[in-house]
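In the two assemblies presented below, subunit A is common to both, partnered first by subunit B and then by subunit C.
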Partner chain A sequence: MKITFPHMGYSYIAFKMLLNELGYEVVVPPEPSKRTIDLGVRYAPEFACIPFKVLLGTYLETIEMGAEVAITSGGMGPCRAGYYGIMHQRILNELGYDFHLHIFEPPQVNYLDFIKKLKAVKPRGVSWRTYIQLIKKGYGKLEAIDEMEYLMYRIMPFEINRGDTAKAFYKVLEILDEAQTTEEIEDARWECRKIIAKVPQDRSRVPLKIGIIGEIYVVLEPAVNFYIQRTLGEMGVYTDRSIWLTSYTQKNVLVEGKVGEKDIHDMAHPYLNELIGGHGLNSIGEIVIYAEDGYDGVIQLAPFSCIPEIMAKGIVPRVSREEGIPVMTIFIDEQTAAAGVITRLEAFLDLLKRKREQKAIKEKRLA
Partner chain B sequence: MPVRVGIPRYLGYFSFYPLWKTFFEELGLEVITSPPTNQEILNEGVAEAVNDACIPIKLYHGHVAAIKDKVDMLFVPRFVKVRKLETETFCPKFLGLPDLLQASINNLPELLDTRVELTSGRFELFRIAREIGERFGASLAKITKAYLSACWDLRRYWGLMCKGILPYDAIECMEKGYQANRQKEQGALSIAVLGYPYLVYDEFINMDLVKKLNSLGAKVFTAEMISPGRLLREAKNMPKQMFWYYSNRAMHAAYYYLKKKRVDGIIHVTAFACGPDAMLDRLMEMESKEWGRMPFLTLSIDEETGTGGVDTRLEAFIDMLKRRRV
Partner chain C sequence: MKKGYLGIDVGSVSTNLIVIDENDEVLASLYLRTQGQPIRVIQEGMKEISSLVPADVEIHAAGTTGSARYLGGIMVGADIIKNEITAHAIGTSRFVPGVQTILEIGGQDSKIIILRDGIVTDFAMNTVCAAGTGSFLDQQSARLCIPIEDFGELALKSKNPVRIAGRCAVFAESDMIHKQQLGHSMEDIIAGLCDALVRNYLNNVGKGKEILPPIAFQGGVAANAGMKKAFEKSLNHEVIIPKNFAVMGALGVAIIAREAVQKKKETTFKGFEVTDFSYKTRSFECQSCPNRCEVVQFFQNGEVIARWGSRCGKWDVQAS
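Right, the complex of A and B next:
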C-alpha cells in the first residue's frame, strides 16, 4: 500500500521515517509549488482557504505519484480545517479517484475512534509495544527538526555571510534524515547543534525583534508563506514564531486546547474572552505576550477568508493601540505574490526602525 | 424611566427575537429594535467593521451603530451552543462578536453579552434568564413568569414559521394579534431557499428574494418551515456534522427537501467570503446532484450585488425549472 501525508514544513522527514519503519511504501509529498496550488484551486470551493487548496493539490500530485492512502488530521471546529478531510474525500471521489483519506480525529472527541484508527494503520506483524515506541521515536525526530529550525532563525540575523545558516540548516536536515535509531537521533541532534552554532556570527548587532503569529498552516509551511522567516532573517531581523508542530501537539492534541494553552488564553483576556476556533484567541494572547517581552513588532499570517483570524484582525487594532506594539496582518491566498509581501515587509521594517530610533532619542533626552 | 435595551435586527434576531422581546418586556424594560436594514445601515457597517469580514457581520455593525445612541444597554448575546450535536457550535464570528464590536465601534453603551451555552444542563436557559433578570433587580417570581411567557412566545413563533409564514409577518401578527397571511398558493413551482436566516429573510440584503420568487410563480420553502425535531432527524445523513449551527440546519433542510422531493429546485443563499459556506455550498451542490439531479443555484450576496444580476439569474433558473417540468 502506497501511503502519503500532507506536507507541512520540514515534518515530512519524521513522518517518512515512521511510515517506512512500519513497512509501508511512502510517497513523500512534494513541497507545495505553483502547480500544487493551481491543481487545488481548480477543484476546491472558491472561498476555501489556502491550506484547503494546497492540501487538495498535494493529494492530486501524490495520486499521480501512485499514492493510494493519505493520513491526515481531523478537528473539532469551529475552524473549517476539521471538516477538510471529509470534503477532500468527497471531491476526490467525485473526480473519480480511488483514494482513501485516513482521518485522525483528536483523541478528546472520541477515544475509541482514535484507537480504532491507530489500529488500522498498525501493520499485522508489529506489536502494540513496538508500534508505540516507533511513534515515540518519530516524535523525537520531529522535536529535533523543530529545534534545528528554531536555532536557525535565532542565529540568522547575526550571520556574517548571508545564507550560511540556511546552508547549515539543509546540511542538518540531511544528517537528521539519515539518523534511524533513537540513539542516532540523539547523537545527530548534538552534532547538528554544533554545526549550526559554528556559523560565523557578528554578535555586536542589535537586530529588530519580530514575533510571528497566525494560523498554523501558513506559519509552518515556508513554501506557502514565501519563506517569511528566512527572508526576515536574511534582512537581519530576529524572528520568533509562536507555533511549532511539536508544541501544538503537546498543547492541543494530547490535552484539550483549553487546558494546554490556558496561559496564552489568559493573556488575551480583556480583548477576547472566548475560544473562537483555529488560532484566533492565541493570536490575540500572543500579541500581548510579545509586547510584554519587548518585541518591536508582530506579523500576523493568515489564509484569506480564515474566520478566526479575521476575528482576530478585527480586534488587533485595539490590542496594538493599548499594548503599544505595531502589528501587520498578511492574508495569503493563491493570488498573493512574493514581491508584494516583500514590499510590505520592507515598509514594516522601516517603520519599526524609525520607531526604535525615536524611542532612543527620547530616552537620551530624558537622560 | 425604564432601562432601554437595544436589540439589533440581525443575525440571531430571526431565530430568537420573540424570546428576547417578551422576556425583557416582562421584566419591565423597554425594548428598542434597530430599523430594518437599509442603505444607511449597510454603509455604516461597511465603514465600521474589519474589511475582511463577511457582509452579515458588517451589517450587524451597522445595526449596532444605528441604535447605540438611543439605548442604555445593548443586547449582544454570545452564542456558543444551543443544542447538543457532536461538536456543533456557532461560527467563530458569533463566538467573538461582543469582543469584535468593542474593538471596532467607539462609544458603545454597556453590552449585555450573555454567554449562551445550553448544552451543560436542562435548565441552562433558565439559569441565563435568572442571571439577566438579577442584573436588573427583578424578583425570582417575576423572572420565572417572564421566562415562561418568553418561551411560550418563542414556541408560538417557531410554530408560525413551520406553517410557512415568514419571520417578519410572524412577528407582526404576534404583536398585533391577527391571523397571518400565508404565502399565496398561486405558485406552480416550489423552491427551497436555504441558507442562513439572516440572509434568507433580510429583505434588503437579498433584494426581496422571497417576494421575487413568489412573483415569478414559485412557492418558497425554507429551513425554518421544518419543525426542529424533524430537521434534527436528517443529521444521520452526514458522516460528520459540521461545526456550525446554522450551516447544519441548512444542510439538514437540504436533505429533508431532497428526500421528500417536494421541491423543484434548491437555491442556496450565501454571503461573499462566508467561511462555513465554502464547505456547505459545495456539499449541498454535490448532494443535490446525487439525490436525483436536483437543480441547484448558488446566490452569492455582498455589498456590491445589484438587483439586475440577481433578477436575471433567478429568472433564468425559474425558466429552466419550468422547461424541465414540461
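Right, the complex of A and C next:
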C-alpha cells in the first residue's frame, strides 16, 4: 500500500522513516509550490482557507505519484479545520479518485476511535510493543529536526556570509535523514549541533528580536508563509516562533516556568478569557509572553478568513498598546503576493529600529 | 556647485521624481504616469528632470521607493532603496510638524501611518482588496466622462449625498449605476462615492487605529477635495493636505538618501545618462527543485546587472 501524509515544514523526514519501518511504501509529499496551490484552488471551495487548499493540492500531487492512502489529523473546537479531512475525502471521491484519508482525531474527542485508527495503521506482523517504540523513535527524530530548525533561526542574524546557516541546515537535514536507529539519531543530533554552531558568526551584532505567532499551519510551513523566518533571519533579525510540532523547544523559549498551553492561556487572561478556536487564545497569550521577554515586535500570521485569528486580531490593538509591543498581522491566501509581504516587513523593521533607537536615547538621558 | 538630492517614487499609477536641496526646498519635481512601463517612464523622467534642475546643481544622493523601487534603484544606482511606508512617514513629518496620523491613498494601495513623537508606531496597508484606491476613482471618472481633476469640485457642490455600497469596487459601481438610473444628480452620486470610500478606508485600513490630530492626507487621491471633506466629516477633525502631497514618497526618500550619503560619504548615483542605455527584464523558471521559482533577470545593454527571485539564493546577483 502506498501511503502519504500532508507536508508541514521539515517533518516529512520523520514521518517517512516511521512509515517505512512499518513496512509501507511511502510517497513523500513535495514541498507546496505554485502548482500545489493551483491544483488546490481549482477544486476547493473559494472561501476555504489556504491550509485547506494546499492540503488538497498536496493530495492531488501525491495521487499522481501513486499514493493510495493519506494519514492526516482532524481537530476539535470551533475551527473548521476539524472538518477538513472529511471535506477532502468527499472532494477527492467526487473527482473519481479511489483515495482514502485516514484521519486521526485528537484522543480527547474519542479515545476508542483513536485506538482503532492506530490499530488500523499497525501492520499485522508488528507487535504493539515494537509499534509504540517505533512511534517514539519517530517522535525523537521530529524533535531533532525541530531543534535544528530552531538553532538555524537563532544563528542566522549573526552569520557573516549570507546564506551559510541555511546551507548548514540543509546539510544537517540530510544527516538526520540518514540516521535510522535511536543511537544513530542521538549521535547525528550532536554532530548536527556542531555543524550549525560552526557557521562563521559576528557576535557583536545586536539584532532586532521578533516573535512569530498565529495559526499553526501557516506558521509551520515555510513554503506557504514566504519563508518568513528565513527572510527575516537573512535581513539580520532574530526570530522565535511560538508553535512547533514537538514541545522540545518550548522549554527553552518561553518565560521561565511557563511551558504549557495552560500557562499561555493564563497570560492571555487579562485580555481574553475564552477559547475562541484554533490558536486564537494562544496568539493573545504569546504576545504578552514575547513582550515580557523583551522582544521588539510580534508578527501574527493567519490564513485569510481564519475566524480565530480574526477575533484575536480584534484584541491585538489593546494588547499591543498596554504591553508596549508593536504587532503586525499578515493574512495569507493564494492571492497574497511576496512583494507586498516584503514591503510590510521592511516597514515593520524600520519601525522597530526607530523605536529601539528612541528608547536608547531616552535611557541615556535618564542615566 | 549647489548640492541636490534625487528621490524617485515609482508607483503602480504614477512615477514621481523630485530634486531637493539641503534645506528640503524642492528644486524640481515631476509627476508622470507609469502606464505599466516603469523602465521607460524612469528613463523619460530622468531626461526631463535633468532639464528642469538648475544648471548649477549637482546630484549628491539618490533614493528610490514605490513598488518598482528595486528596479528603479538598480537603474539609477540609488544610494538607498526604501519601502514607501517609511518614505512617506519621513517626508510628511518634515512638512507637517507634529503629525500623528497620515492617511495615504495611492493608485492601488492605501495605507495609514500612526506616528507618536515623530516616529512610526503603527501602520497598516490594504491587504486583499484595492476597492477605494485611486485606480477605482480613475476608472469611474472615465466611465462618467468627467475628468478626474473635476471630481472633487463636483462632490463639494452636493447638498445631499446618496449612500453607495463601498466595500467592493464592482458592487460600488453597480450601486452607482443603480442610483444614476433612479435619476440622482451626478454631484450627489460622486459625493456619496467619496463618503463610501472614506467609510471603507476607515473600516479596513484604519480599523483599530487611534487617529489623533494633526492628520495629514496625501497620495494622488488627496487632490480630490471631495475626499478631504468626507474625511473631515467622519473624523470630526481638520485634515491637512501637505504642499507636496502627491510626491511625498519621493520627497521622503530623497531626504533618506541624503542622510544615507552623509553616513557613507559617497554616492553611487550613475548620473542622468541612464536614459542612453537599453534595459530589459526577462525571467525564467528555475528547474532545479519543485519550487520552480521565477527568476527575474535585469539587463543593461545586454549585460545582466541584477537577478532576483529564487528562494535558495543561488541565482542572486546583487547590483553594486
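Rule of thumb we're sticking to: the second predicted complex is superposed on the first by the 354 of 367 C-alpha atoms of A that agree within 3 Å, B and C clash if a C-alpha of one lies under 4 Å from a C-alpha of the other, contacts with A are read in each partner's own complex, and residues count from 1 in each chain.
Please note the rule applied: a residue touches a chain if its C-beta (ideal position, glycine included) is under 8 Å from a C-beta of that chain, and two chains touch if they have at least 3 such contacts.
Remember, it's a predicted structure, so these values are computed and weren't measured experimentally.
Once the two complexes are laid over each other on the shared chain, residue contacts for A:G23 go to neither subunit B nor subunit C.
When the two structures are aligned on the shared chain, A:P200 is found in touch with neither subunit B nor subunit C.
Within the superposed three-chain model, A:D350 lies in touch with subunit C and out of touch with subunit B [touch as defined at top]. Of the two partner chains placed around the shared chain by superposition, subunit B and subunit C are both touched by A:F331. Legend: residue contacts after superposition of the two complexes on their common chain; A:R35 is shown touching subunit C, with no touch to subunit B. In the superposition on chain A, contact of A:G66 is made with neither subunit B nor subunit C.
Touch criterion met: A:G314 reaches subunit B and subunit C at once.
Subunit A has more of its residues touched by B than by the other of subunit B and subunit C. Overlap of the subunit B and subunit C interfaces on subunit A comprises residues 304, 314, 317, 331. Of all residues in subunit C, only 67, 82-86, 117, 119-123, 125, 127-128, 208-209, 289-292, 311-313 touch subunit A in the complex they form. Subunit A makes touch with subunit C in their complex at residues 30-31, 33-35, 162-163, 166, 223, 227, 304, 314, 316-317, 320, 326, 330-331, 333, 335-336, 339-340, 343-344, 346-348, 350-351, 354-355, 358. Residues 49-50, 52-53, 78, 80, 87-93, 95-96, 98-100, 102-104, 115, 239-240, 242-244, 272-279, 281-283, 286 of subunit B are the ones touching subunit A in the complex.
Residue ranges on subunit A touching subunit B, taken from their complex, read 45-49, 52, 74, 76-80, 82-83, 86-87, 90-91, 94, 109, 271-278, 280, 304-308, 310-311, 313-315, 317-319, 331.
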